[in-house]
């Protein structure tokens, strides 16, 4: 046997070498993800999903924060889409790959809460006696449970109606009121389409579930039972309420009339809008800065539409909040909290709103010179913020507190596409509702919620 | 009369030639156009691209400067290079060891084991990502180079391919080696590997490319730009919410594709003969 | 009418020398015409030009009096058997034979008939449903023949059809092909590099070498009156001995001396000078002599039973081969005296045959192989 | 895959250790010793591969099968055993069936177009023409392109406002096409991109196959009176049919596994029109967190691919002795 082992020296050498090389590189790679930067500060790994102007501005905030103090170093890591990041958090929690602080969207609040993977920021607020009232209450609504703030809202947006005021003027069409009803919009849209000899499409609403949710929200109609999940585990959704039907019928009517165009995604929609081929559309206020760059003072902005004869209830915010993970040391969590405080300060939020179009959620931000100048130059940029302030937080405008809304959104978007393609409104929505109720039933069963 | 037939034949031949060249040019254009367009736009300012003004004369290398400075494209390339090289060597080594065992060793259940290995060729990796993700997570490999290396150290395909190659080695050689007192390791190292060099190269190229083109797995298992391989890195440049920075994206794509094209064109002959011999015989 | 080649030339690249130049020949109907030459001499090229597979660069090709340059192969109405047989591996024997007939859209009944006839002619009827892969070399060769037969054209081209067979089968197939050719009254142009095939099969032989025709004649003429030293050397086994010889003195003389005692007396005197003399091995004789006598040393002896081939080195360092009838016992390194029995060919400095000497020894000419 | 075997035409290596025929005496001893140790070596040589295959192939397959029989909670853990209910649900679910249908369209489209165009390229490149090497090189160019680069190039081509395709369409006075946002066109777009990506490799395989058809077969057919079209159908195609089959299978399998292209170009949209099987698995697992359903889909995918592979093995065995 010894003879054999001797002759196999080469085997062990090669296998050993292979193992050492692979392990070596792994350790090398591992070391690069680890905590200590050259400066000896504590690394705070931060996951975010910001692109374009948002990413640029966020990175400069991080640079500023890292410069401002000596203990922590925030390391941003871009993670792609909001949709993907929820499962990434669920999947990496407790490993070295997971972040200390992360940005996650409004509708993920419930899942983050139920996971038990995060430290509610309320803990730090209470400890520091942080004045939370400076933060917009509607914005806080999406991440609040039992009056405790789970995560700090950071990039908050409102769904906003954008229109091309220049085109309206050109064709002599009366502008929209600040808070338009469905029929106000129909009027402008069809006039624009007719007067431009069908050269210009009147309106577009992306087949995007967030917009559907906001139709319900603005008319105080619930999406899921137990008050959109805010007071218990939702086990039924309703996509076929009167407002859901009405809004979708309205849009389908516009499609039939010809002045509505489905562009497929927001990129195309914006391109058409900027090139003057589309009169109005609804999207996140985060697009404002880009649209202003293109249209300047011709950009028109209004609140999100409400059904005729219904008082607008206000809409829930979009965007995302900052969560602190509980799988990191107290020092790291502390660093994350310091970073969050920095991000929601009035100065930071003012710059944020100017650079992106996300709304400054710090009420004091409007006093900052940055925003004052912006509002003076482009008064319409103030409107989404006004919309946010005009609403009183209640269950239907504080987001949907249900696990797995990502899947529901896919179903609703499918239904919207079908509706735009001319299928029966009620039936399309009913299919989506039934499908999601089934999903909900089995996820609740799987998660032990009955 | 003779002249007439001959002229007609010549005319026909010339016409045929023109038609052939036209066809070849059209096909070549279809193949090459996306490259050319991509390369061209990588020199244009983004404003011109956004307007669709592709006949711009404002050519510059600015986009490349931007790609190198503002994105982690070099880091991505380096990551891919390290990962793919590791996979390539390890893959060839472990597969050849396994293949050797199936050809030159006699042991119990050898055929059964071989069929079991063969059966795994039918199982797509894509269908197994869920448990595999959990496995690498439990092994603590997430967000490391090793997570993109270790699952690909061996493959049923590689073992199978090399087994076929080793089967071509004359049995006499093994018997002669037995007579000379070479043990299996020596025979593997000194005879089998040199003998099947071409197959080893083919497998090496195959596994390198396979690793280089990995997309889904790194997307699931890496979370930081320090470690992302190039395919996943390019994905990060693609915007989801706002306009694409086409200028920078095209420049990055060019940075990624140009080296591979150069390698491909230089390695033409090897590829052609290697693949033709290797792939279908 | 037959086939006429007039000044046929093949050039692949205008910058390069032609691979065949100015080939002239006339092939009679119903004859077996062999084109022979060492490999690379262009014989296959010539055959392919006749078939129309490659174009003719210059010259005129006439088949039955009609100019065929530029006419596509399928309109030349000929058949061809390839060295590799060119059988379609995915078709059965019968389908292979029927391939051309089907391509020409012949009536199915007619095809069936012809295939059956052709297969029975080459004794392959029972193999008709096999794939080529399942046949032996000889059988594949027969399939190729059957295909040519089935086409029913009167001109058949064969490109080294036997070169992939073993020696015994080759001898057998030679006879079969000859027989078929006679039976079907084919005009058969047969390319080979094997002089034995040429000698045994041909009505006429064309010898190709150095891009040119060396000689066209019947096999015996070629053997007996080779036009030049190349032809002389190419035919006959063992190879002919080519020796340098001088006339004695400065006057025209009938006596040529190769080395001291190896001399040749001609019927007519030759002008003084140096010549090449070709003497077939059986026209030399050798006799053992004492150690410091004779004019050559034996270096190798091959005993074949009915004859003995002796290789010896002349004192001027030329090697010669000598065939003696019967079993001769000569030791290696034995000194011998080599003498010429008579028959010989004399070539001048341009390698052209200028004189020949016939002798009684003609009777001793051994059948080739 | 069976066919991708390198034919080793190497001669014996000339190392100093090259075994020389040595006499008898040592032989029985040596081989006895070796035979005895074979088991030990087998473990050494096969061990690493078997271990890795067990961890990353055998186990996950079983685990996936197991998960597909349960409901999984938000953490991906199986909690409620439901038997085959996941399968029944899936096979009755309209979106999944639509996904299957879309995948079929995609896979068949990609495979057939790749074969047709690959063959066309190879046939064109197989001619004797001046400068043909240049074209051959061009035709292999897409081999050097990875998924993400292809997607980027073609996304730009398909861009509705600045894309070249629409500019051409508009130049001819037609309405621009919303390539990636209309269900039918989106499918066309991903198929086109995928075919383009596969062409280089397919071309190379076909070109090699064409080159290996003996020239004499065509000469014989020429003499026998077959037109070039007849020769293409009755000689070329049968002769390269093994390659064609091989290409069909690898393209089919690779198309079934398409993920990157979909993720980058359409993300499965619009209205799930390009939500192919693998992308659906990814979405269900890593976006919707429904691991049980994703596992069920994985098993179905594995069955489909296994079937194709099996058919390949079967047909190959038949084809070996043509």
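We call the chains A, B, C and D, going by the order they appear; numbering starts again at 1 in every chain.
Everything below uses one rule, namely that contacts are C-beta pairs under 8 Å (C-beta built on N, C-alpha and C of every residue); 3 or more make two chains touch, one makes a residue touch a chain.
Each chain and its UniProt protein: D = Glycerol-3-phosphate ABC transporter permease [Lactobacillus pentosus].
It should be emphasised that the depicted structure is a prediction, and the values quoted were computed from it without experimental measurement.
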Centroid comparison with chain C (C-alpha atoms), farthest chain: A
Chain pair, most C-beta pairs within the contact cut-off: B-D
Centroid distance [mean C-alpha coordinates] between chain D and chain C, Å: 55
Centre-to-centre distance between chain B and chain A (centres being mean Cα positions), rounded to whole Å: 38
Residues of chain D whose C-beta touches two or more other chains: 37, 44, 48, 76, 161, 285-286
Chain A residues counted as touching two or more neighbouring chains: 4, 8, 11, 88, 91, 271
Complex interface listing, chain C residues touching chain D: 48, 51-53, 72-76, 78-80, 82-84, 86, 88-91, 99-100, 103-104, 131, 133-134, 147, 151, 157
Of chain D, residues touching chain A in the complex: 37, 40, 44, 48, 70-76, 79-80, 89, 93, 95, 160-161, 178, 180-182, 269-272, 283, 285-290, 292
Residues of chain D that touch chain B when the two form their complex: 1, 3-10, 12-13, 15, 17, 19-22, 26-27, 30-31, 34-35, 37-39, 41-42, 44-46, 48-50, 52-53, 55-61, 63-64, 67, 76, 120-121, 124-125, 127, 129, 132, 135, 137-150, 152-157, 161-162, 164, 167, 196, 199-200, 204-205, 207-209, 211-212, 242-243, 246, 253, 256-257, 259-260, 263-264, 278, 281-282, 285-286, 291, 294-295, 298-299, 301-302, 305-306, 309-310
In the complex, chain D residues that touch chain C: 214, 216-217, 219-227, 230, 234-235, 238-239, 241, 321-322
Residues of chain A defined as touching chain D within the complex: 4, 8, 11, 15, 83-84, 86-88, 90-91, 111, 114-115, 207, 263-265, 268, 271-272, 275, 403-404, 406-407, 410, 413-414, 417-418, 435, 438-439, 442-443, 445-448
